[in-house]
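Per-chain numbering from 1; labels A, B, C and D assigned in written order.
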Amino acid sequence: MESNHGPANTAPDLSVQLGPLSLKNPVMTASGTFGYGQEYEGLTDLQRLGAIVVKGISLAPRPGNPPPRLVETPAGLINAIGLENVGVDRFISVKMPYLLPLGVPVIVNIFGNTIEEYAQLAARLNGVPGIAAVEINVSCPNVKKGGMVFGTDPEMTARVVEAVRRETTLPVITKLTPNVTSIAEIARAAESAGSDILSCINTVAAMAVDIFSRRPRLANIFGGLSGPAVKPIALRCVYEVTRAVKCPVIGIGGIASAADALEFLLVGARAVQVGTANFVDPEVTGQIMDGIERFLEVEGLSAISDYIGTLDTGCLFPFAEDACATMEI
Amino acid sequence: MEKVKESARVIFHEQVSARIFLLRLESPRISAAARAGQFVMLRVRRGNDPLLRRPFSFYRIYPEQGEVEILYQLAGLGTLVLSRIAPGSTLDLIGPLGNGFHLPVDASIPLALIAGGIGIAPMCELIAQIASLPGTLNARLFYGARTATELLPERIVRDFGIPVHFATDDGSFGYNGRVTKLFEEFTRDRRNSFQPGEVCSCGPLAMQYHVAKWVIAHDTLSQLSLESLMACGIGACLGCALPASGPDSEPQGFVHVCEHGPIFSAGSIKWNQIMVQQTPPPTYLFS
Amino acid sequence: MESNHGPANTAPDLSVQLGPLSLKNPVMTASGTFGYGQEYEGLTDLQRLGAIVVKGISLAPRPGNPPPRLVETPAGLINAIGLENVGVDRFISVKMPYLLPLGVPVIVNIFGNTIEEYAQLAARLNGVPGIAAVEINVSCPNVKKGGMVFGTDPEMTARVVEAVRRETTLPVITKLTPNVTSIAEIARAAESAGSDILSCINTVAAMAVDIFSRRPRLANIFGGLSGPAVKPIALRCVYEVTRAVKCPVIGIGGIASAADALEFLLVGARAVQVGTANFVDPEVTGQIMDGIERFLEVEGLSAISDYIGTLDTGCLFPFAEDACATMEI
Amino acid sequence: MEKVKESARVIFHEQVSARIFLLRLESPRISAAARAGQFVMLRVRRGNDPLLRRPFSFYRIYPEQGEVEILYQLAGLGTLVLSRIAPGSTLDLIGPLGNGFHLPVDASIPLALIAGGIGIAPMCELIAQIASLPGTLNARLFYGARTATELLPERIVRDFGIPVHFATDDGSFGYNGRVTKLFEEFTRDRRNSFQPGEVCSCGPLAMQYHVAKWVIAHDTLSQLSLESLMACGIGACLGCALPASGPDSEPQGFVHVCEHGPIFSAGSIKWNQIMVQQTPPPTYLFS
């Protein structure tokens, strides 16, 4: 179908600015769902991506949880990968050489079990060519605080962010967990501690069991729910966070189409990450970019930035200003 | 070669037994590159129900015709939805994926093929490829299932062109007992003078474990096609892990079935560290 | 299909005991999804139900939120009904006379905006014939605490429960919200305050927007997500709660089949409530009871109480005790 | 009579225009009790995609044959899935639901029927029932849509047996403009000598608002069939509320379309309190 609005021959401007981070378009891949990029070679146009967020990286390699690690649920996926990864050194020596020549901003998702680990990771990644930002995964247990998850406490979140902030000149993204009473409170703590950008959501704490064997379906018992099932939760989180902070926000959770991505942008996210949907269709990110372009053309907008955050929450009574409207009984 | 995403037209689709279906797909790019033992990730329909793709091995590969065949058994929602797809429709595939079987240099080495249930699927193509190697074919198929109705019809299996030994857990067809037991007894019996130089097997993990025990005890080459739940099939989600001594380059505790497998040697898997895997729910319930 | 286990002619015993509350079977309807019972007349066998939990009741009638009040999502439903109800007086005078002769335990879900309102409701319902228990919906804003939701704070939850406990001799159920950092903490607070039973979960905070009109899809902006999409979250909550308290727990969230219900029972819930699935199929509760019966027969169990809470979370390595198992490399 | 759940066999299912389908169902219990203007909640398929039932009015009711017809327009996932159901399949219905139209005592009162888009669906049965009343039929149908291709084929509408005035927003067929404008102009023109004693209408809320203004200004009896998003259709979820002065027994701010409606008099709705309702997304996008 042809577009019939907007100046001919001028594709809409999809570029977005997230504080210190400039992206050619707002569509990235979400950590843990896109490996280190190379896995998708031949299946999707890597170079078109706004950014690639790689699998969460720790100081030392981690084997991850024993299997089973996955459960499919209605419109969702529970995973308990256990943050298996090659460790920061092999990431830099083995994975970055593939990513660097692509010319796509690489965002490195990092995690640790102590504040020091986060800090050392940030220091190690600082200055590595091709890395555009670090994304702090705070959904990890703090071994020094009885395994309490960093991101469920504003104070601990702030301490992690500060530690990373001190060690890097790269833009710092803090990735928030939805498993909290007030995500706005954690968001404010992360922003105050120096996070340039916030991203949300990580997966929702979940579980599945097998009624026949009477056992959990995941060796780890608990896992994180992702996919279309969580989109309404993610959208609510992004709404709350964008209204709680001034810094830019990246929307994540259940995005599988241009319409989904546009919902997050409408609510106020400046960019989005696509996770589980990559498994379903590796070409989904390209389709989302195409769809956003088409949407802007049809809506007569020349830039995605004109659409971001334009949600109208004022009350709208279409039939109120009229003669008939006075006929209340 | 590189994996690709391809929209494949359904050429035919028929029910070959109570719960088993044969699906022929026009898939020129994938069929051109596919090897026996590799698989595709198939999207049974658009939408969220089910959400994920499903892995299926190649039952037959016809590179000249640009076609492949998949043999599948009803297990749950995904295969049920798949079973209703009409010829002429298109199905979205990603493949070929995984490592595939390594063919022996010569057809004449004594080869034991062991298949449990729908684990028969990749065997047919493997046999066809081995048959075309130099040397006189010296392979035997040991094929078991829970009950006779879960076996492929005998005429189809006989067409594979090698001797077949059937087993059913309930004795309703062939040997009465586990296929691995049949295999052990058959090889142990000197009169059969069949000492496999290599074992290739595909089936549920519990069967594979017995295969692994045998090949390790008998110091025999082995290629086991293993299963795992898969979200991506391409090494990106790390969901399909099995405890193993990885390839040298990955000194970790797990291998990924979709990427490093699905074919593994028995010795590379740490069987004692495998935790209970889900098995399909009994079919009698909640139909 | 015939069952081939268990003593012939003896149907399995589905009765369950939840502290002071005895039910002939563990399947109830969830508040707000079953009206006041009568709406389902002719569509389902009301008298078979373990209990009927009626729409949330307040002291005065409430008109509810302006529409739109509903959004369908992948495997889910967001609602923002705004607790529209007829008020406690009309409930007793108009709705109870229909429910009483059914002979099914009626559980009255109550809510208020102050602790006093909860207390008055409990007092008003105490002694009304046919009422088997009150269920406290704590997912309501406390107008005296700046609209903070009672159920997100252990202290406020405890105060509501105590207030209700003081005013009634009926069994008290506290219905927990999943929108908290630690549902176990809230559960312990409710139990300590005198709740006989806990039920969880209420809906998950969610949102949906329309990218074309650029407006929220709900007049209330936010709503609560229910349906199969939330089942993995609900199951995790029930797991946490059953391990945090001693009192019986009712599982709620996304139950749409006998297998779903059995999952909650396996994890430790002593009964379940079925919500959104009633809309999809009004006969679902009966199908769930049938399915549970069949399951028990096939598994050779004579009573559902033998199955409840039998989840085995110990590690199970099927191939570890064997010769082969030592061949680690 | 009581609402029931019934498994209805699809007798025929045909596409009558680009986006409109006609579905005939064998549904003896529902057809025996159904009235014009009532509706059913239809489950388009098992599973979660989509999760909820969809409401559809009766296009025709054949109590003797035990059959009903539904006329529907593709709107989204639910109607798309429905459109693929083959004759011979069964569909799960709950009905008859809602209040339905009240028939006039006599066919000869001047009756204006106004339909917008798929709002034509309940009109056909209403006309048939009025035609069988005593007196000479004096009804006129005003029928509009966005564009000609969204109208029912003219031959079908002519078969309704009453004078029809077509309108399209883009002027591609009949009157160029809104159907309510056509209706206003037609009744205002003395030469037509048509002063409706009652107006029955069905269509989008924006259309109904203009109908309401007209009937209130002209102090005319009215029966407006209104839409709302519905989860249950039976008064249980309270999701389908519209601001209104309720029936005397329910002195609340809202009525529930599924229970108190879908037919309302124009004056009972508080139009000024209606908030923006979702409209179907433009069809050009994300197909």
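Criterion: a residue touches a chain if its C-beta (ideal position, glycine included) is under 8 Å from a C-beta of that chain, and two chains touch if they have at least 3 such contacts.
Note that this is a predicted model, so its numbers are computed, not measured.
Where touching is counted per the definition, the chains common to subunit C and subunit D are A, B. The distance from the centre of subunit B to the centre of subunit D, with each centre set as the mean of the Cα atoms, comes to 54 Å. Centroid to centroid, with C-alpha atoms defining each point, subunit A and subunit C lie 32 Å apart.
In whole angstrom, the spacing between the mean C-alpha positions of subunit A and subunit D is 44. Residues of subunit B found to touch two or more other chains are 48-49, 273-276, 281-282. Taken residue by residue, subunit C touches two or more other chains at 71, 74-76, 211, 213, 215, 219, 227-228, 259, 295, 315-316, whereas all remaining positions touch fewer.
If the chains shown are joined wherever they touch, the resulting network links each chain directly to all the rest. Residues 71, 73-76, 78, 152, 179-182, 204-209, 211, 213-216, 219, 221-222, 225, 227-233, 235-236, 239, 254, 259, 262-263, 266-267, 295, 310-313, 315-316 of subunit C are the ones that touch subunit A when the two sit in their complex. For subunit D in complex with subunit A, the touching residues are 48-49, 206, 209, 212-213, 216, 245, 267-268, 270-276, 281-282, 284-286.
In the complex of the two chains, the subunit A residues touching subunit D come out as 1, 74-75, 257-259, 291, 294-295, 298, 315-320, 322-329.
Contact residues of subunit D toward subunit C in the complex are 2-5, 43, 48-53, 92, 94, 228-232, 234-243, 250-254, 273-279, 281-282.
Of all residues in subunit C, those touching subunit D in their complex are 32-35, 39-43, 55, 61, 63-64, 66-72, 74-77, 79, 81, 84, 86, 210-213, 215, 217, 219, 227-228, 276, 278-283.
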